[in-house]
Structure formats: C-alpha cells, structure tokens
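Some structures are shown below for you to check.
One chain, subunit A, appears in both complexes that follow, with subunit B as partner in the first and subunit C in the second.
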Partner chain A sequence: MNGLVRRVGLSLLGPVLAVLVALVISAVVIALIGQDPLEAFRVMTNLGDSPSQQVQSIVVILNRAVPLFLAGLAVAVAFRMGLFNIGVEGQYRMATILAAAVGAAVALPGPLHLLLIVVVAMVVGALWAGIVGVLKVTRGVSEVISSIMLNFIALGLASFLLTGPLRGSPPGASIVTTAEIPESGRVPSLNGLLTALGLAAPRSGLHGFLLVAVVVGVVVAVLLQRTRFGFDLRATGLSPSAATASGVDARGMVVKTMLISGGIAGLIGLPDLLGSQYDYGTEFTAGLGFLGIAVALLGRSTPIGIALAALLFAFLDRAALPLQFADIPSSVVTIIQGTIVLAVVIANEIARRLALRSAERAGAAAGPGPQTDGDDGAPPPRAPDGGQRVHTGVPGGQQGAQA
Partner chain B sequence: MLLAGSMALAACASDEPAGGGSGEGGGGAAAEELRIGLAYDEGGRGDQSFNDSAYAGAAAAADALGADLQELSPNEDASNRAELLTQLAEQGFNPVIAVGFAYDDVIAEVAPQFPDTTFAQVDGSNSDGAKGDNVTGLVFAEEQGSFLAGVAAALKSESAHIGFVGGVESPLIEKFEAGYVAGAQAVNPQIRVDRQYISPAGDFSGFSDPARGQIVAQGMYDAGADIVYHAAGGSGLGVFQAAAGSGNRAIGVDSDQYLTVGDPALQAVIMTSMLKRVDNAVEQFINDYSEGNVQGAEDVLNDLSTEGIGLATSGGFIDDIQDDIDQYAQQITDGTITVPTTIE
Partner chain C sequence: MAPADSPAARSAAGDVPLAVELRGITKRFPGVVANKDIELRVRRGEVHAIVGENGAGKSTLMKTLYGEHRPDEGEILVDGRPIHFRSPSDAIAAGIGMVHQHFMLADNFTVLENVILGSEPTKGGRLDRAGARRRIEEISERYNLGLRPDALVEDLGVGDRQRVEIAKVLYRDARILILDEPTAVLVPQEVDELFGNLAELKREGLTVIFISHKLDEVRRVADSITVIRRGTTVGTADPRTTTAKQLAELMVGAELPTPETRESTVRETPVLQLVGVSVTDGGQRPVVDDVTLTVREGEVVGIAGVEGNGQAELVDAIMGLRQLTAGSVLLGGEDVTAWSTRARRESGVGFIPEDRHRQGMLLDAPLWENRILGHQTRPPAVKGPFIDRRGARTDTARIMREYDVRAPGPDTLAVALSGGNQQKLIVGREMSARPRLLVAAHPTRGVDVGAQAVIWELLKDARAEGLGIVLISADLDELIGLSDTLHVMLRGRLVASLDPRRVTPEELGGHMTGARTTAGAA
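Take a look at the complex of A and B:
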C-alpha cells in the first residue's frame, strides 16, 4: 500500500515539478518583459464571463486537445518500444489527404462511409510508418533518420497530389483543397450532448471524434498494460538485449510497433477533416506530428499522462488569445510550452534516479528475498520511468540516448 | 476521462493567481470610440512583411481617427483563425480586418454570424459577395508590379539571365511569377528566367526560412543569373545575403526593402522592390469605414493606377531606366498590355 502511494507520488513528481519549474521560469520571463506575471496567469485561466463563453472555451480546448492527444499517443507507442518515430508528421499528412480523397470519391451510407475513411487513414499511416520499420530491420537504418526523411517525401507527395490529381477546388482559388467529403462521411458534433448535460450551447461544435480518441486511448492502454504484446513491447523498450534473450522477436516487434504507431498517426488529421474542414487543403493544420513528440514526453508516454499533457497544451494554446486582448505578448505561451518540455525532460531523469534509489533501498531492506527489483537496476514494468528510455539505435545495441 | 482531466487542469491552474475569480479580459474602451480589430496571418506581427504592413496602415488610421486598435496573431500553426475573427467581432470590434488569403474559408464562415460587423480581407476577393454582404475584399494586382520588376531586371541584367524565388507554391505567388516573367520577356524575349519555390503547396515554411532562401538564390547566381526577384516573405533575407555574398543584385517585395532591411551590406544589393501597399489599402479602408463609405460584398482593387502597386526607387539604382519603366506602367494602366496572372 505504502509502496503504491510512493510509486504514484514519484510518477506524478516529475511532470508536476516540471510544470511548476516552467511556471516559475515563465513568470520571471514575463516580469522581465515588463508585465505582471500574476495578471498574465489570471488572464490565461479566465475562460470567459458568461456560461456560454466558458463552454465555448472548453470546446476550443477539447477540440485542440483531441488531435494533440492522438499525436502524442502515436509517438508514445513507439517511445515505449524504444523507437523514436519523428515521422508522425508525414504519416498523418499522407493519411489525411488520401482519406479525404477517398471520402470525397465514394458515396456510402453514413456509418460505412465514415468507417471507410477511418480505415483508409489508419492503413495509409501504418504503411508510411511501416516503411521505417522495414528499413530498420532489413537494412539497419536508424528510424530517426528514415522517418525524418520520409516527412519531406510525404510533404512533397501530398503537395503533388493536392495540386495535381486530387485537386478539388476551382482553378484560381487561393486555397487549394481536395473535393469536399459529403454529409454521410462527416462526424456530427457533440453539442447535443453538452446541452443535454445542462451546459450552455457553445458557438462552435465539439468534435465528435473526441469519443473515438477516448476509445483509442483506452485500447492503447489495455494493449500496453494488459496483453502479451504490450509486455513484449515494454520489455524491448526497457532492455532490448534482455527481451531478445527471453524470446521476444525484436525484429517483428519493430515492424509491428511502427505499424501501430503509424495507424494511430493516421487518425490525427481526422477530427479536423471530418468535424470541421471536410477537405484537405494547403491550409490544413500542419505540425501536429512534431507537437505530438512534446506531448508524449510531457505525458511520460502513458495514455492518461498524454491526455493531461494534450489538455495542458490546448489550454495554453487557447490562452494566447485572451493574453493578446490584455496586451500581453502571446509569445508568453510559446515560452511556457518550451520551458515545460525542457523541464519535463530534466524532471523525468531526476524522478527516475529517485525511483531507482528508493527501489534499491527497498531491495536492500528486504534482503535476499524474492524481490529482485533493485538488484539489476531495472525498475518494475509500472515504475515511474516506464517507457521513458528512448533508444535511437537498433534494438540490441545500447547506444541510445535517454530522454 | 478527458472532461475530468480538463476540470483537474482548470482547478490546479486557478490556484496560480492569488485572487482567482473572474474579471474583464481586455481594457474597457469608451463606447463611442472606433474600435478596429486586426487579425494577422501566420507569422503574426513582426514578420517584416505583409502583416507588419497591415499594422502600419491600421495604426496610421487609428492614430488619425483616435481609434482603439486590437491586434491578434494566430497560434503557431494558425489553426485558430476562426477564433480570432469571432472573438474580435464578439467583443465589439468594428471593423474587423483579416490579413491574408488564408482567411478565405474562415471569413466566409464567421462574417455571416455577425451581420452588424464590417469585415475586410486583405488578399481575399469578395466581388461576388460569396463571403457575406459585410465583407470587403482588399485585393492587389501583384502581377502588374511584378511585370515592372521583370522589366527592370531584364534591362539591368548583363547576362540576360535572371531568377525568381517564390516562398510557397501557391496561386498567389504564381501571380508574382507570371507577371515577372512576362515583364522580362517583354524587354527581351530570349531572356532566361530561373524559377524556383522554396516549399511545396501546403508547407508554409517557405515564407520564413532565410537559410533555404539563400540556398535557392545562391544556386541561381551560381548558374549565371545576376538579378533575382523574391516573393518569399521572410525568406527574402536569404536571397539578399546570397546576392551580397556573390556580388549580384536582388529585387525585394511588398515593402521598400531597401529601407527596411537595416543592414548596409544588404541594402547595396537591393536594386528595387515591388511595392504592395497593404498599409495604404488598410488605412484607406478604415477611413472609408469611418466615413460610412463601405458597401460590403465588393472588392477594392489596388493596382498601378491607384498606386497600391508600384516599384520602389530608393537607392537610385533604377533611375537611369525610369523612363522605360514608366512607359510600360502607362501601357499597363491604359490597357495596351494585359499582364497574365497565371503561368501556362
């Protein structure tokens, strides 16, 4: 019981410490540019004066958090395996444009249409990420290099497809888009649910894809924590050589993990595509794949942590507007986001060492009993640093950097 | 789970300020005062390009009219454009001016929700009223100014080989390219014009990447071009650096970059700049609004005849060919020359 409390406490310690440190640093920066930090934080946390404004603010935050959550999840699945999938950006761009094109090209009854779009997006994302996995196991290409390179290819290819064969907007239009997805392929908003809960109706729609994201989060959590596959994945991430020695097929795991990571990445663009844009175009939100890396780091690669991290980022993102109304530069938000990520990396390492030390002490106190946690220095699977090691090398080697 | 998380976040966040509680977000302005809302495009204020130009115009008008000016920059990936416009309209700013063609879809969505607010969009056409009756398009004939830039480049080139660097492959920047090529060919049909874009459609990094701007321009200078015209926003700085490094010349865009670049070494290579007077257009629009002269559902075209478009003469590098340029400008305004807006 005591051990559990300590574990939970330690696993929360890192992120909470990081956020606090980031807030202190940000406060100093805000003070340095001649603004009042307390005033800035007050403006940021003020969601609005009327109930409908407050609900609207929450909708804006949630709508922003959904893609960030999916992006963080995609990155984290690979993280847990010790793979650094920087290619999430390219994976979701390829997935979104092809899903948009397929969605606009076919006419099917509602649920089937939607299902087809989602499947296309996941398959495209998985295949694009799969290239990275195959290159790694067959040719030993570092996934960091190949996934970055594939980002450029994906951007170029998406641009070619958009301005060429998949162009749906009239010639001369300033924004080039694919054709629009018909009604049957769109996800309805959850505003009915909000009003049913007795909340004021917001101005814009709460993405229905929120529910899909929650389901995906639960599935990933179960997959990682409650299945043989998840165990193999985490074991390989913690110690590739140990996992291989105990019979885990490391090469197969690399490919499978990249496929799953890419499949989730394929979903990132769908909340916007199916909930508000209905087409992919030159103005489609870019950069979510990279933000996902920060979100995954902050969320310590666990689904719940990532959900909190995504909400925090979305909250900060929204705060940029009221800050500008209060004549405080919105770059304050960027500074806070940056310092949080930096601080979390450092705090994770400190928390990991603390956990290690306390585990060692517990191991020594228990004597040479069955508990061997502390002996080899590897924490138990659910220890606070689970999955925080990011090996950039090939499994089996230990040249990886620790994040 | 997400909802619970957000509440937890809100709860822990509200611990931060000492007093907590709710209050007014913005400063309360007098009710009679003219309150101008200005929503920037990606890059926001300080881009030394069209956002800053729009600010200059809005600020000048606000000063003259004693108006309140509220600026808003979008977030990094500019995914909250709709929020920007809605918040400005909701908080009573009128007129609300959106900067950039990227607001095309967003303004069409938001403007009809606020029929009492007057909107304007820089670089976005609303001649058919499709974006709503309360939206005015502030559009520019960039191809005309670019034509003159092409004329100047062709007249000044010693190698009969010039270049064009576009920021992002898009219909807007292709207008610059089309005009430039047409102008150069009007002077010398045999001229070689190298054309390259920094980033493909959909990837907006090409407007803010001086390093890649320099690489692309350097490639053109190495291949023998001696004058390169850029329509690449912030990346243009790299084009100037490449010109300075290789002893060649460059043509700036949007503002008079000879005056704004700030570095004497780079100033010396900026032969001229294609002026796109976003500032004048915005200032004029606000003045028109304050006088009650805005109809909505129409375009205000800024071109050579209105001096919304032009060629800068700062530095005196093109004084000797000014007569030729004026002749071409005259032919464009009287319709003898029709400048293409798209590349074949």
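Take a look at the complex of A and C:
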C-alpha cells in the first residue's frame, strides 16, 4: 500500500512541478511587461462574484475542457503505442465538417440522427488517421511527417468543401458555414441537471456531450489497462522488439491504433457542433488538435491525468477574457500554457528517473548483494512524452547482426 | 604458455613501485554497493587477471580505474603516485588504456583511420597520414600485431578487430592495458593468438589487466590473479599453484555446477523440422542458407557458431519473426511456415531470446505484466479479451517462488532486477506454458553462476519430460554439455554435425572458424 502511495506521488510529482515552474516563469514574464503578477493571478482565479456568475464560469470551463479532453485522449492512445499522432487537428476538422454536412442533410428521429452524426465523425476521423497508419506500414513513412502534411491537406480540403459543395450559408454572408443541423441532431444541454442540483442556471448551456466524453474516457481506460488489445498496444509502445517477439503483429497494431486515435479525434469537434454551434464554419474552434498534444503530455497519457490537464487548460483559457477586462494582455494565458508544456517535458523526465531509482532501490533491497555490472550507465534516452518512449521507425524489419 | 620468464617473478615486492594499486575502493550506486573495499596490487610488467562471476563488480571496478566514474571512497595509485581521474582522458594521459568487450570501431573506416580516430596527428593543419602509418607499422611490428593499415575494418575478423583495438590503445602510449573479457567473442584458436600478443606486450614491459570469468584461460595467461566476489576482493592467487577448482570456489564460494547431461532422453517423434530454410538480409545476401535439421522430443539440438553466422536469423525464422525465402518450418509435422509468431507461440513454442532486454522483457513494466508478455492469449494471464490481473499476479508470485526470482513482488518494475533474476523470470514464464519446443538463445548469457546452474537444471528437467530444445550458445562448454546433437553454423550454413560426447572445445572451435571441415561440407 505504501508503495502504491509512493508511485502515485511520483506520478503526480512531474505535472505538479511543471505547473509550479510555469507559474513562476509566467510571474516573471508578467512582471517584466510591467504588470503585477499577483493581480493577474487574482483575476484569473476569480470566477465571479455572484453564484450565477460562478456557475457560468464553471460551465465555460467544462465546455472548453470536454473537447480538450477528447483531443488529449486521441493523442494519448497513439502515444501509448509509441506513435506521434500530430494529425489530430486535421482529423477532427475533416470529421466535423463532414459530420455537420451529413447531419444537416438528413432528417431522422432524435437518437438515430445523433448516432449517425457521431458515427460519421468517428469514421471520417479514423479513415483520415488510417492513411497515416497505412503509409507507415506499407511505405515506411514516419507518422510525424505524414500526419503533419495531412493536416495541411485536411485544412485545405475543409475550406474547399465549406466554400464549395457544402456551403449552407447565404452568399455574401460574412461567416461561411455549412447548413444548420436540425433540432433532432442536437445534444440537449445539461442545465436541467444543474438546476436540479440547486445551482443557478447559467447563461449558456452545459454541453450534454460531457457525458459522452466521460464514457469515452472510461472505455479508453478499460481498453488500455484491462484488455489484451491494450496490453499489446502498451507493450508495443514500451518495446516494439519485445512486443513483436511476443507475437504482436506490429504492423497491424500501427493501423489499428491510428484508427482508434483518429476515431476519438473525430469526436473532438462534436461538443461544439452539437451543443452550441450546430454548423461548421470559418469561425469554428481551431487548434484543439495541437492543444491535445499538450494536454496528453501534461496528463502523462492516462485518462484521469488527461481529464485534469484538460480542466487546467480550460481554466486558463477562460481567464483570457477577464484578463483583458483588467487591462492585462490575455497572451499571459498562452505563455503559461507554453511554459507548462516545456516544464512538463523536463519534470516528467525527472520524475521518471526518481521512479526508476526508487524501483532500483526496491530491487536491490530484495536482491542478493550488488547488482550487475553495466547497468549503471545513464538511463536510455526517452522522448518527452510522459515516460512513454516514442518510436518513429517502422516496427519489424530489423537488420541482421554483423560479426 | 609457460610463465617461466615472468618479470613479476623477478621483481621483489616493494622494490619497484606497483603499476596500479587500489586501496579500499568503494563505489555506490543508488541503493546498491557495486564495489566495496577493493584492494588490488598490480606489479609492473605482469599480466594480472581479475576474475569473478557476472555481476560481481568487475566492470564497475574497471570503469573506476579508467576514469569513467569516480569512487566514493579509496585511493588509486599509478606508479606509486595517488591519482584522481575525472574522465577517461585523464586515465589515458596517465598511460592507462582500455580494450572494451564490445569493439568500438567504425566499420567503414580503415584500420589506420580507426587507430588515429580521436587523436589524429596533424602536420601544418592537415592530417599526417604518412606519420600515422609509420607509427602504426612500428607498433604492429614491435608487438607482432600483424596490422594492415589500409584494410577496411568491416572486412576484418573478430580477432583482427581486437588487435586494432589493442593498437588504438598502444597508439595513445598506454603502458597499462585493461582488457575487459577479451576472450568472450573469440574461438579457441583466436584466444591462442591473443595470448601470444599479450606475451609480446609483457616482453616489452607493459602491464596488462585481464578481466575474465574463464578460469582455464586465466590460469594459462596470468602471472597473478585477484578474485572478486559480491563486489569485493576476496583474495589473490598464484596461477601456478592454484587449481581451477580452487579458483572457482574462491569465485563463487561454492562448487562449480556442470552443464553435463549424459543419459539420452531422445524420443522418436519430431517436434521441429526445418527443411531447406533460407533467409536473406534486406538485400540478396543469404544469411541462412539451406538449413535442414530435426529436433525430436526430449532432444537438445545445439547450434554452435561464431556470432553473426546466421544463428540469430535462424531463430527469427523458427519464431516467425522473419520471412523465409525458401524452405519450410514444420511443427509436430504441421507446416507452420505461413503462421504468425503468435500462432506459433500458441501452438507450444517457448522462446528465450538472445537479448532479453530487447526481445524478452518490458523493462519499464511490472513483473506481472512481463508474465503476460508472449502469453497474451492464454490463461492464467487473460480471461477472454481481458487481462486477468489477479491471475497474472498470482502466477508471477508462483514463478518467483519456484524459479527463485529475487524481487520484492510482482509489482516491481523489471528494470530493477539483476540480469540473472530477469532471465530466471523469462525461463519460468516460458516453462509455465508447458511448451513442446523451446528456442533458447544464449540462455545463460550475462547470468551469474548460481542462476546458470538453476537454468541448466530446468532445461535438463524439461528435456527429460519430452521438451525439444534448440540451443544456441557462445559458451562451448554449455553447448557440448547440454546438447544431444550438435550442429555447427558457418556463414549461414550448417557445415558439420558433431557428437557432443566426443568433441572437444578446440575441435568445435576449429569447425566454427571453418579451419576444420567434414566431408561434403564447405
């Protein structure tokens, strides 16, 4: 039990350390631009004076956290297998615009309509990510390169579709959008739940998609930690060679993992699409895919960690507006987020070394006498992704040993 | 080699300052004391052997002496003067050179380029090749190393590469050479050549510190011996008056186990048949060439060969990790050539990989997850599509108990275990699935003598119960001792089949280098 507490403590150490370091650095930056850091932090943490304002702030945070959480999950699933899916941005954009178009084009009874939109989004996201997986296993293309390039293609393609075949807004409108999704395809807000809890009704609705996100989080957690498939996936991430030798089909795993990652990525745009926007347009929330990488890093690729990280990022995002009201540049928020990501990379590595050391101590306490020779060198280099190694080479295809 | 003209014999103690003296060296790593109160006295101009089991702390000690890390306690004296090394370059400046077990040579460079790499002679700002060549030829002549300065290192054999490593050290004016397990990669004939070179070095007044755990070799070449056990020096011995048995007892504190199995348990039913199996490396070069062999129930088929002659690729072919270009693999009479690795493992193939860190374990995962690795589709580790965490933990605890894996518990990370304990876990895991064929590549490599004995016993017991074993090893005694049938692999081909009851390590070594041939084989 003590060991469990210790391990949990160590895994929390990295992110907490990172956030603290980021706050210190941000305070210095705020002070340098001639503002009072304490005042800035006070503004950021002030959720409002009246209960209804506070509930409203929390709803804004939650509504922002849901897509961030999904984005983090999408990135983390690939991370755990050792794949860098940087293409989440493009995957969710493609998924959202096509889901919006399909949703607006059909008329079905409520739950079916909704289900269709969700399925379309997941399939499109999965297929777009699947391209990356197929390129990697058939042609050996690094998933980093191909997913970045597919981002550009996706953004361009989405713009073309939006202004061309899928345009729903009247010509001459300043904001180009797809046609609006009818009532049957929308997700109701959870405001009823809030008032039932005795809270003041907020001005904007709490996304009903929050519940879907929770379910997705639980499913991903079970999939990764409790299933054979998840074991194969994590084993491949920890050591591709050992996984292959154990009978894991590394190529198949690459494709399957990219499909799952892309499928989750397809959901990212849906909270906003089905909960508040009801169409996809030039003003649709952008950048969630890239933020997802930061969230996954901060959350160390575990669903609970990602949830906490998504809440933190959402909290910081909400602070942008009040900061502007207080005449403090809202880019303070971006600075804090950026330094958190940098700091988390370093802090995770420190925490990993501490964990390793404590494991070695535990092993040595039980082992007979000294440990083996040669195990005392520097730890193997790690990619800064929360303790999982990220391999970008094609699994399999080892060259023969030479004498 | 007769130790008659040993300078060590002539120089009385205290007469000349010692070449190297270590006093009370202690080196700790987090949670581990790797070296404790090491006392070492190496006389000038002698070959001094340091023997000890794997994991006894020899390499740590040599890293201390070569300046790769600093001791926590104790003194290093070179030529009677106390010295503090901050890095290997300090050690080199003090005349200490190290020949690593794993060669550190650039394959696509010539011998000359490799020797001067890192201390290039310049003349007017340009590389002085002529000067370098003169010095290398001089060194080669003086110590009888037979170097060809313009040969590409990739074209050289293992023995030649080692001589290049020695030349590198001599080129930097080392007077004290540390050789870390220099014979581990050599066949007996090459060992003899190496010992000839060492005699030359000694004749020229150089001091050699020779690390090994092969007692016969040590007794042949060394003028004096220091024994290390569990991180500390337990005594010195005179090779002329000490028997290998006495040395071994000093080294392990117990009697040496033997790998020998003599009563044959071979049955008729074949478990594994390879028919004309060929594998190429990425391009056209065949690395396994038309290999045909049969493993029967209760039979250990040993495959001897200098490393890199296709053994690793043959293992990959049996495990389904590599595509065959020709031939077929039959498991219990069934053609499994097109089967995946997982299907082969499910049908009863156990695998002890050559490199346990690369292929056998998830170092950053707990032991119970390592129990599942390779058995993801079979109980007790899984229930349907789900991982059975409790079952895996319980079974890991059982393996730890039955196979003497020393670790705090199933939740310990694999990386925290010593090599021997990791290997025992792997062996236990593979045996627990009751395989009918076991592919064991170097099953006792990097494992201490105690664990080695346990693993040998396990293999013998399993064989008696009808397990077929493909054994690949670089340890000729292990091969000869355990095998029922012994094949020699050279350049991808099986070039000889020998009777392990009659063959000597020297004969086997001859076949491995191609010096000896049997009829019909090239």
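A few notes on this one:
Criterion: the second predicted complex is superposed on the first by the 375 of 403 C-alpha atoms of A that agree within 3 Å, B and C clash if a C-alpha of one lies under 4 Å from a C-alpha of the other, contacts with A are read in each partner's own complex, and residues count from 1 in each chain.
To be clear about the criterion, contacts are C-beta pairs under 8 Å (C-beta built on N, C-alpha and C of every residue); 3 or more make two chains touch, one makes a residue touch a chain.
Owing to the predicted nature of the structure, the values given are computational and were not obtained by experimental measurement.
Look at A:Phe315: by the touch rule set out above, it reaches subunit B but stays clear of subunit C.
Put subunit B and subunit C next to each other and count what each touches on subunit A; the higher total goes to B.
Contact with subunit B, but none with subunit C, is seen for A:Gly281 once the two complexes are overlaid on the shared chain.
With both structures placed on the common chain, the touch criterion links A:Val176 to subunit B but leaves subunit C unconnected. When the shared chain is aligned, subunit B comes close enough to touch A:Thr334, but subunit C does not. In the superposition on chain A, contact of A:Ala158 is made with subunit B only, not with subunit C.
In the superposition on chain A, A:Ile58 contacts subunit B only, with no contact to subunit C.
In the superposition on chain A, contact of A:Thr227 is made with subunit C only, not with subunit B. When both complexes are overlaid on chain A, the residue A:Ser204 reaches subunit B alone and has no touch with subunit C. Residues of subunit A that lie in the contact sets of both subunit B and subunit C are absent, per the superposition on chain A.
Those residues of subunit A that touch subunit B in the shared complex are 23, 38-39, 41-47, 49, 58, 60-62, 64-65, 69, 93, 155-156, 158-160, 162-163, 172-176, 203-204, 210, 213-214, 217, 272, 281-288, 304, 307-308, 311-312, 315, 317-318, 320-322, 324-327, 330, 333-334. Across the complex, subunit A meets subunit C through its residues 3, 225-232, 234-235, 238-239, 241-249, 356-357, 359-376, 387, 397, 399-403. Note for the complex: subunit B touches subunit A at residues 1-2, 5-6, 8-10, 13-14, 16-20, 22-27, 44, 70-73, 75-80, 82-84, 86-87, 91, 101-102, 104-105, 123-124, 169-172, 199-204, 342.
Put simply, subunit C touches subunit A in their complex at residues 29-35, 54-60, 69, 107, 154, 157-158, 230-231, 281-282, 287, 306-310, 312-313, 319, 321, 340-346, 351, 353, 358-365, 369, 372-377, 382, 385-387, 389, 406-408, 411-413, 415-421, 446.
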